[in-house]
Amino acid sequence: MSDHVYKKIELVGSSPTSIEEAVQNALARAQQTIRNMRWFEVTETRGHIEDGKVNHWQVTVKVGFTLDQ
Amino acid sequence: MSDHVYKKIELVGSSPTSIEEAVQNALARAQQTIRNMRWFEVTETRGHIEDGKVNHWQVTVKVGFTLDQ
Amino acid sequence: MSDHVYKKIELVGSSPTSIEEAVQNALARAQQTIRNMRWFEVTETRGHIEDGKVNHWQVTVKVGFTLDQ
Amino acid sequence: MSDHVYKKIELVGSSPTSIEEAVQNALARAQQTIRNMRWFEVTETRGHIEDGKVNHWQVTVKVGFTLDQ
Amino acid sequence: MSDHVYKKIELVGSSPTSIEEAVQNALARAQQTIRNMRWFEVTETRGHIEDGKVNHWQVTVKVGFTLDQ
Amino acid sequence: MSDHVYKKIELVGSSPTSIEEAVQNALARAQQTIRNMRWFEVTETRGHIEDGKVNHWQVTVKVGFTLDQ
Amino acid sequence: MSDHVYKKIELVGSSPTSIEEAVQNALARAQQTIRNMRWFEVTETRGHIEDGKVNHWQVTVKVGFTLDQ
Amino acid sequence: MSDHVYKKIELVGSSPTSIEEAVQNALARAQQTIRNMRWFEVTETRGHIEDGKVNHWQVTVKVGFTLDQ
Amino acid sequence: MSDHVYKKIELVGSSPTSIEEAVQNALARAQQTIRNMRWFEVTETRGHIEDGKVNHWQVTVKVGFTLDQ
Amino acid sequence: MSDHVYKKIELVGSSPTSIEEAVQNALARAQQTIRNMRWFEVTETRGHIEDGKVNHWQVTVKVGFTLDQ
Amino acid sequence: MSDHVYKKIELVGSSPTSIEEAVQNALARAQQTIRNMRWFEVTETRGHIEDGKVNHWQVTVKVGFTLDQ
Amino acid sequence: MSDHVYKKIELVGSSPTSIEEAVQNALARAQQTIRNMRWFEVTETRGHIEDGKVNHWQVTVKVGFTLDQ
């Protein structure tokens, strides 16, 4: 593992329900085009409000994946 | 939307259950006196411990709302 | 309470399910050897990915506890 | 001046034109209800994009004003 | 305590003497209009200089207080 | 809007004239290959000096755009 | 001195009087079990409020001490 | 260029008009005594308010210049 | 140079030997697909431990490269 | 005041007694060679420990002073 | 691996030669009492100067290790 | 040592070889005009790239030195 190179991209996922689901939604979308995602780091948690309630959560994650040699 | 002015206030909500509920509780209380809340940003997540377990979560949010013209 | 001294330690808890459970797991383990835990502060939220999904959450917390006099 | 107490509030001003105008717009709105504004600090500069161009700038400022004794 | 909501405001207190007195002066002024102040966090310490000496200290604090239900 | 996933990329735009123009130049270039840019966040403002004057501004922005489903 | 290894721990000291005394109290407690404390770094200054006055200061310090070889 | 040593100094420039002009004013003053200024980094943007309007902008820059060998 | 637009990407390089080699490895991999890399910024230095020794260094860099017009 | 240019330098003052005296000592020394010091900002508070007690405080301040035109 | 709990401690290693050796020295000392060290994060790099040269490097690392169940 | 006043300056050293050499080069240049340099703190590590390789490292250090009384 000591000779891998990784790339990190930054995504924002949304969910009306939870922080966890917002992250899962971001990963599900990224999975369509990126192979070998390995880890993520949450860098920002925010959301939109309607009628005094959380309408949806918006969670920013950095996602690291292995670059093929 | 380009001529709006927003004010951001900082609240701390509590919940025995989850980070999400702590945010919702903060918004529910703010809703009593503030109109037009638009978005929030989580700036701190902490909590109190009793008997080695999370007794309640305390989540700090900045809440942005539109100032009436 | 004004004459207490507290120590803060840094733990990383894991959970396949949620941020909250990862924190609870870290506290449960710490409870085996530390008395008088009082509060925690989340300092980092990240996780491992397998097959494009969150395999487990890893949440770093600082935990404060009272030092016996 | 050495015995003054100041309060700082956080505002977001918008402008289609410039960062400076976004700040001026925030101050103009705050001036309607706050006396004795003394200084500001820009804490965030962002904006919305439409058709690949800046549609409007959104600048967050902390504004300090003197509290009457 | 687990269902409280708190608001945090940001104040700057001044004192010719000490950091502690600057904080106390900020709280004394806030006490005129705010009930139930619970804690503070020092976020910035600065001051003005005259004739090569500290003329007065200016200390910024965030003050948390309970919102009545 | 609650089910969108966004990607954020980091660009540096240049301008001999202003911070605003440096941002516009970065967006104009990105527009050639990216659809659906939605917002930007200024993360760094710097520049090069020649003969004691600003030769050009260099402004780093994070740009968020919608990922097609 | 060039081959020493140090450990840093994080403590919170309290005092009704001053920031300095809160630090001294934290060190006095740590001195009961730690030899060779060498330096400290203040990382957070906060406190509790009662009746609109500082009830006690709470100062977080990182304390570095030499590990015996 | 690989063997240069640079020094960075921190200046605050003022302007009633714009952030850009405040930076230019700081550089113009520094140019009187410093040769070989190469780049700058904006580290803080703030200003003074009079009658509810920006009276002047105050922009802090770090300026890098080559040290003669 | 004043009209260039740059893109910054984030990579993590690994090396059993040194921080410098970890950066070089990240650049060597990126060079396979990216032209015109101009500068890098180290944003994080960490590593894995086996048997009480550094097994490999992991260094995160942001890499800036010129976008062709 | 709107056309002034300021320079900021970084000093570390020491005192066996208090944070305030450490700052005053730094300013007293700077006053020997710098005219027109206007303000300071505390950026770091640390100190040396001997026999489990604070031996002296070390406080880092940025000091701003007017550059003569 | 998803149910592990880790503890992170903060160490400062020294070396007259390099950043890497300073980290290795910190780990070698920690290895005497800690089992199962897994990763480290460099949080600060500094050093002492004598006769205008680096006398020794001082590198602060956070070290994560598995807590036995 | 408790009554010393130190000044900190910020330098950028370069080296084609290593981070350590870049720091040494900065100190060697500073040594020509500054007596009594005591410590340094690395605040930024970056570098220039040519042909997909590190052409030279650029390391920013803050250097502290004793001010003569």
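So that you can tell them apart, the chains are marked A, B, C, D, E, F, G, H, I, J, K and L in the order they are listed, and the count of residues begins at 1 in each.
To be clear about the criterion, contacts are C-beta pairs under 8 Å (C-beta built on N, C-alpha and C of every residue); 3 or more make two chains touch, one makes a residue touch a chain.
What you see is a predicted model, and the numbers here were worked out from it, not measured in a lab.
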**Q.** Steps needed, at minimum, to go from chain C to chain H via contacts
**A.** 3
Q: Tell me which chains count as touching both chain C and chain G.
A: K
Q: Go ahead and align chain I to its copy chain J using Cα positions, then give the rotation in degrees, nearest 5.
A: 120
Q | Candidate from C-K, F-H or C-G with the same interface as D-H, over half of contact pairs in common | A | F-H
Q. What chain is the most remote from chain B, judged by the mean position of CA atoms in each chain?
A. L
Q: For chain J and chain K, let me know how many angstrom lie between their CA-based centres, rounded off.
A: 32
**Q.** Centre-of-Cα separation between chain C and chain B, whole angstrom
**A.** 22
Q: Measure off the straight-line distance from the CA centroid of chain A to the CA centroid of chain E, and report it in whole Å.
A: 38
Q: Go ahead and note the Å separation of the Cα centroids belonging to chain F and chain G.
A: 44
Q: Indicate the residues of chain H shared as contacts by at least two other chains.
A: 9-10, 18-19, 30, 48
**Q.** Which chain pairs touch, all of them
**A.** A-B, A-C, A-F, A-I, B-C, B-D, B-E, C-G, C-K, D-E, D-F, D-H, E-G, E-J, F-H, F-I, G-J, G-K, H-J, H-L, I-K, I-L, J-L, K-L
Q) Contact residues on chain L for chain I in the complex? A) 17-19, 44-49, 52-54, 57
Q. How about chain H: which of its residues touch chain J in the complex?
A. 9-16, 25-26, 29-30, 48, 55-56, 60
Q. Which of the residues in chain B come into contact with chain A in the complex?
A. 18-20, 23-24, 27-28, 30-31, 37-42, 63
Q. Of all residues in chain B, which touch chain D in the complex?
A. 1-9, 62, 64, 67, 69
